[in-house]
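Below: the structure, in structure tokens.
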Amino acid sequence: MIAPDTAAPVASQEPIHQGSFWLPKAVSTLAPGVDNAWNIVMWVCVFFFVLVIGTMLYFMWKYKRRSENDVTSNIDHSARLEIAWTLLPLIIVMALFFVGLTGFMNSAVAPSDSFEIQVTGERWLWTFIYPNGTISPTKLIVPKGKPVRMVMSSKDVIHSFFVPEFRIKRDVIPGQYTSIWFEATEAGKYTLECTEYCGQGHSDMLATVEVVEPEAFKQWLESGGEDKNMPPAKRGEGLFAKWQCGTCHSLDGSRKVGPSLKGLFNRDETMNDGKVVKADENYLRESILVSNAKVVKGYEPVMPLFKDTLKDDQVDALIAYIKEQK
Amino acid sequence: MAQAVADSPIPEQSGTNYINAQKGILSWLLTVDHKRIGLMYLASTIIAFALGGFFALMLRLELLTPKRTIMDAATYNQAFTLHGAVMVFLFIIPAVPGAIGNFVLPIMLGAKDVAFPKLNLLSLYLYWTGALFTLSSLVTGGLDTGWTFYVPYSATTGGAVVKVTLGVFILGFSSILTGLNFIVTVHKLRAPGVSWFRLPLLVWALYATSVVQILATPVLGITLVLLMMERVLHIGIFDPALGGDPVLFQHFFWFYSHPAVYIMILPGMGIISEIISVHAKRRIFGYKAIAFSSMAIALIGFLVWGHHMFVAGQSHMAATIFSFLTFLVAIPSGVKVFNWLLTLWRGSIKYTTPMLFALSFMFLFTIGGLTGLFCGMLSVDMHIHDTYFVVAHFHYVMMGGTVIAFVGGLHHWWPKMTGKMYGEKLGALSCALVFIGFNATFFTQFILGSRGMPRRYYNYLDQFQPLHQFSTVGSWVIGLGFIVMAYNLLASLTSGARAPANPWGGKSLEWQTASPPITENFEVTPKVTHGPYDFSPEHQ
Amino acid sequence: MSAASHAHDDHDDHAHGGHGKDHVPHVLPLAVYLGTFATLLFLTAITVGASYVNFGAWNLILAMVIATVKAATVALIFMHLWFDHKFHSIIIGSSVLFLTIFITFTMFDTENRGRAEAIEGEKPADIRNPFKASERQADMMRNMGPISSATADVARPSPPAPASAAATASAAPVPSATVAPSASVSAAPSGSTSATPAPSASVAPSASASAKKP
Amino acid sequence: MSTAETTAESGKETELSPQFHVAHHFDSADTQFDAGRMGIWLFLVTEVLLFGGLFCAFAIFRSWYFDSFVEAHHHLDKVMGGINTVVLISSSLTMALAVRSAQQSKKELTAILLAITLACAFAFLCIKYVEYSHKFHEGLLPGKYFSAEGFHTKHPGVFFAIYFMMTGIHGVHVVIGMCLITWILRRTMRGEFSSRYYAPVEGVGLYWHLVDLIWIYLFPLLYLVG
């Protein structure tokens, strides 16, 4: 069963599980293809490395200068040799190219029956939208053994969708859709990293990919990702963790990218246009949904707009949780 | 450095030479002598290298622990951006053509100076102006976009992006002028008897580099102008909201920046051809093959820039074409390495410091070049793109290649430049330190990268900490190696033995004149009768 | 190069500012210049005239051909390329060649976007919210060839994943009823940007395009 | 046209271009001039590629937003563009004739022709100013500032972004050309150029012809075809 979202916030990030010395565990159908391409080019390089450096070391030992008037060879070219070490490497690298191409083509076009999830990347938060409207930030839950196709676009700068265990990576670009697909072969939790530099929180822009059995996935999907009959404040706490509000808003009064929420409720806040506003329920609701409407003095309007992603009951739960922050 | 050279009390040489021909700061700042301009380029680029190296050590220090160690995320982002920008635009592109090329190329051709001496000085002043603009971002607002300035981040973030883009735009002109000067010099100012196939291979390499500088740098110019227009006037060519395309910026940027990595490596390869042949006292093997592979690298280098964008939303057709051509550009580099290898065969190798650097270049550049095959394969690149594997690859090729070659060339021509001999033991020690430190730092990064550690990460997963710590210790050893080298070279200025005209027994023209040479390079323009690597007995 | 033989008896002394023989310029007759000028004006007239006629795609090609002929005339005669060292022609020729490489290789990318995956050719209507589809996009996606739920149930050769999850999960092409969280905001009195309750049908380009099997 | 004949014809007893000596590192005047010309041609390569970036952007966005490009280019004034083309071509002629007369050591004729070229360049800029003010007035501005009505295609802003970048940078190069021509004009008045030494005139001439050459491509692409 998938832990409901309102469980305690994810303590530490999921590690990348190592498969071999070099590569992480192979958990998608594409991974074996990439791994054997890796092994092929690895052994080709080791062979050429040993050949070149071994010869060099041998020459260094054999032809070191014995006396100042050593007579050195005058042979300074051989057309056959030049042709040999042009054509042979050419053939080898062409083979490498085709090995790389096959793997790439498999990953380029998703199977037609793949399950589609829409991914939006925005500054330091991954959000996954399922076809039935369920929205799950920072946690991508996918069925095992079923091709899943991510259709991605960014809301601000370029990010990149990288799951080491699935060996897939594709940039997420504003103003354009990009797509990548995978079929997970093993249940478990894996890390999704952003690999295109996107600013201060680039290294915090992680998400967890949870591969689950298809039945568990179906139940989770129907439940819309959370159970409704929890006390609002508790649900608010879960949502606060799920949407990673903590990266910008602290609860202990310290200043981060956004203002702290400690003792915020019903306090008078001065906006950057000088007006003083009471932080009542309406102010909190509006600041969550349309954050750039009112910005506290001395802060930047960088908070994402949640008006299309958070439902009313979720906003109420969050407000209940903020009220508790004394 | 140049100041130390100019003012340090070099014991009175028997004759006058280009250093003591005129005295005083103005004689240096307004000189049109290619050797003095070369020395000033040397001093400026070494200061830039020290600054870039300092940033590198700060980065590695920060990565000792997964979370915050010594600086916060914003400072870290500025540090890796400036490390990249300073090292690429202020050191590795101008250093070899500017410092060693300016000094050695005219003498190797038997010419008195480069074709346009005043343009050469203008190139130096443009370098200083560009450096000023770029480094001014240190104090005003900083720059945290990475040295690649990817849009839309660079078009929307705060900081001194316009200042640095202007700085790099001016540095581009400095690079164009140097390239232009070298091409005309090689065509028009060869001494009698110096045919195209009697040119030293460093001249071929610098010629190929200049061709790339002329053809590629203007596109960087227009890219930066469009970026500045994007930021200031929001014209919308790169801004998706206004109909533009961020990936188009990457095409424009990499159309310059990939040939730029060949601007970086080709002069280094030229230096290696010189050092290996002279210190193995053997004719270079496959002269024509090496010369033509320099030109081949320069020209094919223009067809492959898309391999930086395999996963960047580029069409799959383009990715396939670029991957195919990327493998073609690997062939000439291979040909060069094999020919250098054969130059050692039946040679008489003397393990002087330049030779030690050349041999470590062979080791490191081979690893760098081979790991390029990983990045060229489309499916493998899907996994290792923008991870530490790519960081390790380009450090092996840029630092293990160009920097080691530059330092080897510096030691090789140090007697010619300063008239002083450096200490061989300290030189060997510095080479060993740099070699060991380099491998410790960057080979671990191959492992980090293939295990999934992304690039430009301030916080990283705990599982990568041991490897990062090992890499940081390695970077300290590199730092130590360069400090020993700096001490060794600077000390030689004051207490070094007087250098003979031809300490290594080289056969190319620069060894046939005094060290340090007179301002005119040669009393009478030499008449050349045979190739630059003719160590055969009758020409002993 | 052995110790370069010092040619002491070299007669035309290079050492300092050779007086050597003067440069004799190559001067063209006036008629050549006026002829080129007339050609250029004539070609300009043709290209302007041709632009009023609609040849479809040929307009661009014709304009480019005429422009190249004019450019070549200016370069060969006004800029003396015809009478100059051949290397100067190679220089300017190489610049045109590398410009062509730059344009064609970049267009390998921009012209072929969306050929492997149709979705990659599409541009979202609203950057800030890429998956709140505009009507045009939804229609386009709809008639991209819907995946009938039948195909989704075909038992796959690989371990037979229970089809039930796939059936319900695969996006039915019909705009799904569940309305995305309607952002009904009890408009704060002063909120200038109160988001009107937008019943955003969350059909985005989610009907996965009928991409070809790999 | 040997040197002796031109000296007699201009009836000047003063020695031609007295201030000119072959530079110490060149072995003859011919090599020095060839080197200078090759240097300028290499610089022209960088100019071609600088504008090349804009032509590439034009090509890509034209193929993407073909309808907005065609619609937007109707708003450009073909007549003004045509006049500008004729103006630039004639300035190219007068520049070439100026180089020719410098080669024949005809100081006055060179000065007159250079002045005419300057005048043409100035006329070009005036026409450009008229066009720009018309566009500013109608709101046909690049990217964000595009505020003209009556457009039913999506991206006319991109067309005007490229239009302003291309003609803007070309205009900057015309201004640089005018400064260079003024510098050459002053040196001609001081009698520095003759059949012995006219390299700077030829160099500026090559630069000016390239500026004209860029416009020869700009005009059909932006004004006629769009």
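Descriptive notes on the structure:
Should a chain be cited, it is by its letter among A, B, C and D, assigned in written order, with residues numbered from 1 in that chain.
One rule holds for everything that comes next: a residue touches a chain if its C-beta (ideal position, glycine included) is under 8 Å from a C-beta of that chain, and two chains touch if they have at least 3 such contacts.
Since the structure is predicted, the reported quantities are computational estimates derived from the model, not experimental observations.
Number of steps on the shortest path from chain A to chain D, with steps defined by chain touch: 2.
In whole angstrom, the spacing between the mean C-alpha positions of chain A and chain B is 34. Rounded to whole angstrom units, the spacing between the C-alpha centres of chain B and chain D is 36.
For this pair, chain A with chain C, the centres built from the Cα atoms lie 29 Å apart.
Listed for chain A are residues 105-106, 108, 174-176, 178, each touching two or more other chains. Each of residues 14, 87, 94-95, 98, 102, 106, 110-111, 116, 120, 123, 127 in chain C touches at least two other chains.
In chain D, the positions touching at least two other chains are 24, 26, 34, 38, 42, 45, 49, 52-53, 56, 60. Each chain pair that touches appears in this list: A-B, A-C, B-C, B-D, C-D. By the touch criterion given at the top, residues 29, 105-106, 108-116, 118, 120, 129-133, 135, 143-146, 149, 151, 153-155, 174-179, 183, 214-215, 217-218, 221-222, 282-283, 285-286, 289-290, 292-293, 305, 307-312, 314 of chain A touch chain C in their complex. Across the complex, chain D meets chain B through its residues 24-26, 31, 34-35, 38-39, 42-43, 45-47, 49-54, 56-57, 60-61, 65, 142-145, 154-155, 157-158, 161-162, 164-165, 169. Across the interface of their complex, chain A is touched by residues 116-117, 119-120, 122-124, 127-132, 147, 151-152, 154, 156, 158-159, 161-162, 164-166, 168-171, 176, 178-181, 183-186, 188-189, 191-195, 198, 200, 202, 204-206, 208, 210-214 of chain C.
Within the complex formed with chain C, the residues of chain B that make contact are 110, 187, 191, 193-194, 198, 215, 219, 240-241, 245, 247-248, 251, 255, 302-303, 305-306, 309, 313-318, 321-322, 507-509, 512, 522-532, 534, 539. Note for the complex: chain D touches chain C at residues 1-3, 21-24, 26-30, 33-34, 37-38, 41-42, 44-45, 48-49, 52-53, 55-56, 59-60, 63-64, 78, 82, 85-86, 89-90, 92-93, 95-97, 100, 103-104, 195-198, 202, 205-206, 209-210, 212-213, 216-217, 219-221, 223-225.
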